[in-house]
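Letters are used for the chains, namely A, B, C and D, taken in the order the chains are written, and counting of residues starts over at 1 for each.
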Amino acid sequence: MTTIKDSVHDHIEVSGVAADLLDTPPVQRLRRIKQLGTVALVYPSANHTRFEHSLGVYHLADRALAHLDIAGQRADRVRAAAILHDVGHSPFSHNVEDVVARRTGKEHDDVDELVTEGEVAAVLDDHGVDPDAVAALIRGDGELAQLVAGELDVDRMDYLVRDAHHTGVPYGTIDHGRLVRELTFIDGDLVLDEGNVQTAESLLLARALMNPTVYSHHVARISKSMLRRGAEALLETTEIDAEQLRRMDDHQLSVALRTHDASRAFGRRLADRDLYKRAVWAEMGDVGDDLLDASHDEIRAFEAEVAADADVGEDAVILDVPGRPSMRESTTGVLVGGEVRRLDEQSTLVRALQVAQREQWRLGVYAPEATWKPSGRPPSACSASRPTARSSAT
Amino acid sequence: MTTIKDSVHDHIEVSGVAADLLDTPPVQRLRRIKQLGTVALVYPSANHTRFEHSLGVYHLADRALAHLDIAGQRADRVRAAAILHDVGHSPFSHNVEDVVARRTGKEHDDVDELVTEGEVAAVLDDHGVDPDAVAALIRGDGELAQLVAGELDVDRMDYLVRDAHHTGVPYGTIDHGRLVRELTFIDGDLVLDEGNVQTAESLLLARALMNPTVYSHHVARISKSMLRRGAEALLETTEIDAEQLRRMDDHQLSVALRTHDASRAFGRRLADRDLYKRAVWAEMGDVGDDLLDASHDEIRAFEAEVAADADVGEDAVILDVPGRPSMRESTTGVLVGGEVRRLDEQSTLVRALQVAQREQWRLGVYAPEATWKPSGRPPSACSASRPTARSSAT
Amino acid sequence: MTTIKDSVHDHIEVSGVAADLLDTPPVQRLRRIKQLGTVALVYPSANHTRFEHSLGVYHLADRALAHLDIAGQRADRVRAAAILHDVGHSPFSHNVEDVVARRTGKEHDDVDELVTEGEVAAVLDDHGVDPDAVAALIRGDGELAQLVAGELDVDRMDYLVRDAHHTGVPYGTIDHGRLVRELTFIDGDLVLDEGNVQTAESLLLARALMNPTVYSHHVARISKSMLRRGAEALLETTEIDAEQLRRMDDHQLSVALRTHDASRAFGRRLADRDLYKRAVWAEMGDVGDDLLDASHDEIRAFEAEVAADADVGEDAVILDVPGRPSMRESTTGVLVGGEVRRLDEQSTLVRALQVAQREQWRLGVYAPEATWKPSGRPPSACSASRPTARSSAT
Amino acid sequence: MTTIKDSVHDHIEVSGVAADLLDTPPVQRLRRIKQLGTVALVYPSANHTRFEHSLGVYHLADRALAHLDIAGQRADRVRAAAILHDVGHSPFSHNVEDVVARRTGKEHDDVDELVTEGEVAAVLDDHGVDPDAVAALIRGDGELAQLVAGELDVDRMDYLVRDAHHTGVPYGTIDHGRLVRELTFIDGDLVLDEGNVQTAESLLLARALMNPTVYSHHVARISKSMLRRGAEALLETTEIDAEQLRRMDDHQLSVALRTHDASRAFGRRLADRDLYKRAVWAEMGDVGDDLLDASHDEIRAFEAEVAADADVGEDAVILDVPGRPSMRESTTGVLVGGEVRRLDEQSTLVRALQVAQREQWRLGVYAPEATWKPSGRPPSACSASRPTARSSAT
């Protein structure tokens, strides 16, 4: 057994299949993938990685398994899934995931070929753990997948606390010890035991507060958009393809961006934190459905139109349209008076969070500070979609 | 200048009038008043006192004054009010406040005779600080009173973080540094500066989560009710009067309860944590308005009726009816687009908190474990008020 | 199983004999015994109690037992001893221990009649745990006693971390997780496993830094001396005897001191933090062996002589002569190259600590500020013992 | 004024020259230089960077300046030096510093051309701050240099606390608030004020405990040695020269190592954490002076000899000979009885630390696990230097 020191959970004991998986290159690569991508440009201490997060998820999964009295092969599969659940991440975590997915069809939780082949599969085989079963858990299939890829999963518990520790923003400080202790399976559903409506609410509230403050901070969104643009340029102009991009680590993408002509400007700006600014910042009510549901190509066309309109280069306009808000975890089950109830049915606060999330939604148009300044009215392509009223610029 | 080490704010520098006030007996007495009264019977580490809290409030007030650029006499008054704001507390903080107020008409923030007479007044005079002005600030009168006794006061900021630190419940971990930095006066109103709707929400959410978990935990409420009953017995059967009770510290009340015949049973039970249990636990919808608005005498009559009905002594029944929920801090002002808006108008979440608070409200009937067990139906006096449906017992 | 929230170890799970022992009055009494006695007069947040410390010791003992693979009756005895190890403490922990021990012969770890009789014994019997064996463990007898009352015991590990958390002084932050994991028994001796010389050193260094800063801070020593004097006065002039004093809690002693004539002045001064000051503060080299080894009666005679000399009342002079330094834990065993070595043989630092402890030793003479000021030369009784040279006054 | 959130110091306020310096590329580059180089291979959470550390040093410097009542130009120079003090670091901080210094003659604190030219100089000029004066402070010249590059500098205070926060090893938790408050200048020397011998000791003890546990952990040393070898290979076989290497960031070096033939094996091993193991681990007493004082070339010759002896490639043997221990900070000045004394004259503990440091010194010989196993006796080149006796292998 190995004991690993972690800044969040203190000592983490690793043994068996988990210990051997840690030593494989796909897991070691996670040491070079920042957990929060470009968020470190807002919160300079947020340099923690998917590697330490994966260890933390393993640790909480292991405790949950002990609490739920799940052992043997079933438990080992969950432990393996915990360690491996993030190996499918592109560099800078979620930041370029869309770029990759559009070309490969693979999201970060599609890890089949990473888990069922090569060194990882060999380690799993050595320990008699079925690679396909592990890949399924990571994809979210099967009862125990709820522990690592569900509404009440230990993934979320770890990242909230860890992101709070490293950003310094205290809102993520949930009581993960209690959450893990109160998990129980009822008819195949993972729910929180009696008396835990507030425990469940606290998890969602923590996310709701971390979201605008950290995850969707406008500077994080701007830099992420620039990173995506740089990555697109790499794929369009160099020999790097999407599968290769997906397997890079942060170091490799950071260097590649700065090396190639088409992406160099973005690479340099990201390295020097010489970021675009918000030209438009519009609420959902001020954005038309056509824009909200626009395809990638439509958005690129909008951008080109705005750029032409402002007489600047295409790279000088980035349109950032987040997806429509969803809050999957509001369906979390909680035992109330012996019955499983959905949290959003039981909790006034959680229903309010769903509304609040819509209210916090913002469309952004970003541009280099010196190129063009937002006029009183937003650029035409956007104004077509009326992001006028309460839009603000910084 | 003195530097005092605090477990929450690290080093607190105290000088001038604040330093001299610290040395007065009414402030030193706060070392013997637990911040959370009987909550330590639920969270054993929650033994922090009003003294350290008062230091913390002073510290945050001092930072807020620096940030708001308020100096001189006006600032000294606020500093003095911060140090003194809790000297009017009865033993065990809020726990016996009602008992005292019914007889003296004085709530804990009525500190006139404590501040305008004796050693405290002498110290204030020495430093040229007007005692009446300080008492007014503590009472909540005047513009600067908003800093120490308003919706956005530093009192709340300190106690949330401090209570989280000492109970171990992480929900109170607000970002007080940011809150203090974002305070601003607009037309005489203390509000949070532009871009702080979430900052304001986080303060209210922290309270909303701490409330059921800590402040209104049913064991805290039961023990508080027992303490109140014991205090009533002392006042009814001994020479101790309400003014004396009010000036006791926790040590003196704890000993007095165990010394006198009429209160000894309660004193012993509290000391040994041999507490009453919930016989009835009813939601607001199941409680009639007559009970909700019952006077103290009516409640005592109810209790007597239930006791007679169950054929037990009067001390064996405690009816605990919290006041109707209010959430004063939901009127917090926040600058949005250059205008001051009320938080409950601006924030979906805060409006939901108001509903949630009502949903969390519970009436309790408590009894010694061995005396009588709640029957399927609640005791008659209560059933008159229909606390039937979702009532639960533990 | 009960889960108790602790500000230091987060969730502590208690079950079986430990859970039932927690409910006994001698253990509940520890809620009213401050862990650090009068240290709270220096560090205002240091209001933690022997109760939460006992829970922490139980928690670490439980983990150590799991790590050492000790189960069944032997483990239950250790768990019981962990919960009970401090029930023999007088009010304010060690502060009046000497006063009691001179009259009763009982130190705080002499708990025979507390553990082998009454409710505690009944609970132990119920669980088939031998009360005499538990009392022996607390006294330090037997192999497993090393876990709760030895050089490497979990008592020390808990209090260092807990005292750091509550005082705010960071020096006690040892790595208790590692210490517990590295414990091993070799030929009946509890030692730290291979590779842990620095781990062991860190424990001793933490104590060495906490000692002058916290435990032996001169204000803590002064107030402790005043408390002892007040307690002596109570025993000499009231019907309270040493056995009764020993069984009081902090509340009762605090009230008793303020109630009785002979102790009232000390009681009032301690309550108002109106403390004596250092008149003399002398290093060991400046103090004669006669004073170093003086009996209690001799010290009282010295005090009387000084008081007469200065023409003040006897209560105006307190002579505080700490025992000669010892550092029992420097004999801690550590595995080095397969052999058990004594830490003070192995570690240069630990040998230096023994010297440093002697250097830090100070004799104090305390007096009310207004009564008499230390002259250039110390009071005659002391000067006989030459506490001249480097003595300082504050 | 900008407020930056830091995981260690919470809110850091930056304005003036410091704020503008933060935006320069040489400072932004520090976001891509890990504070602890390869230590993250031992402590996975230790991914913090020189950027956040520089902010922390700035923050503590700013407080120290306020405390010492230093303002205006002199203060701005110190603030600038604090922000800039680490811009001269090579990638992975100290890890390849020797490799660079051998070829360029420049240590990391030789920042002249970085500070007196280009964007940094422009910013300094804009604010009327003399670049040469700032470079001198960083080099350690001048009275105020003691604040940022002396025995009692804020650099050390920040990194100890920060490294503890991010590794999870608690030994670095010094009381930086107190240290900063107790600084004072006496006759041009920065010393700790009266009553702070233990405060000074605590700083040195924290370092002494962090050193073997973190900074010189054998896995950190092995990976650092491998990194150095890889960097040497790059310089010897590619067009990259030492000046270029010095200006790379971690990302660039990490990619370069994996890209070029001569360094690829080391780059791959470091990326996969497939590290060499200790073949020999010898105490100072067992190592001859010739080896202790060997030049780089002599060491390379030793390595070649050992490799030939073992019939393995040259890359399969790394000899790691740390410099002779020194402990500059033991000359820290402390006021004792009105006189400045050197800490190592005043403190038994600090003198012991000097001995302990020598005892902890270890020579290492590292090799790939599979290539050759250490025989009972160490390889001949080493055995010449007698690293026999207590050497250990893992």
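We adopt the following convention: a contact is a pair of C-beta atoms (placed from the backbone, for glycine too) under 8 Å apart; a residue touches a chain by one contact, two chains touch by 3 or more.
On a predicted model such as this, the values are computed, not experimentally measured, just so you know.
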{"item": "Any chain in contact with chain A as well as chain D", "value": "B, C"}
{"item": "Higher-contact pair (C-beta pairs counted), C-D versus B-D", "value": "C-D"}
{"item": "Length of the line joining the C-alpha centres of chain C and chain D, rounded to whole Å", "value": "40"}
{"item": "Distance between chain centroids, defined by C-alpha means - chain B, chain C (Å)", "value": "34"}
{"item": "Geometric centre distance via CA averages, chain D-chain B, whole Å", "value": "50"}
{"item": "Where chain D touches two or more other chains at once, by residue number", "value": "10, 169"}
{"item": "Interface residues, chain C side, partner chain B - complex", "value": "4-8, 10, 23, 25, 28-29, 31-32, 40-41, 43-49, 51-52, 55, 165-169, 249-252, 254-255, 271-274"}
{"item": "Contact set on chain D toward chain C in their complex", "value": "169-171, 173-175, 198, 201-202, 205, 208-209, 212-213, 337, 347-349, 351-353, 355-356, 359, 390, 392"}
{"item": "Touch list for chain C against partner chain A, complex", "value": "3, 10-11, 177-178, 181"}
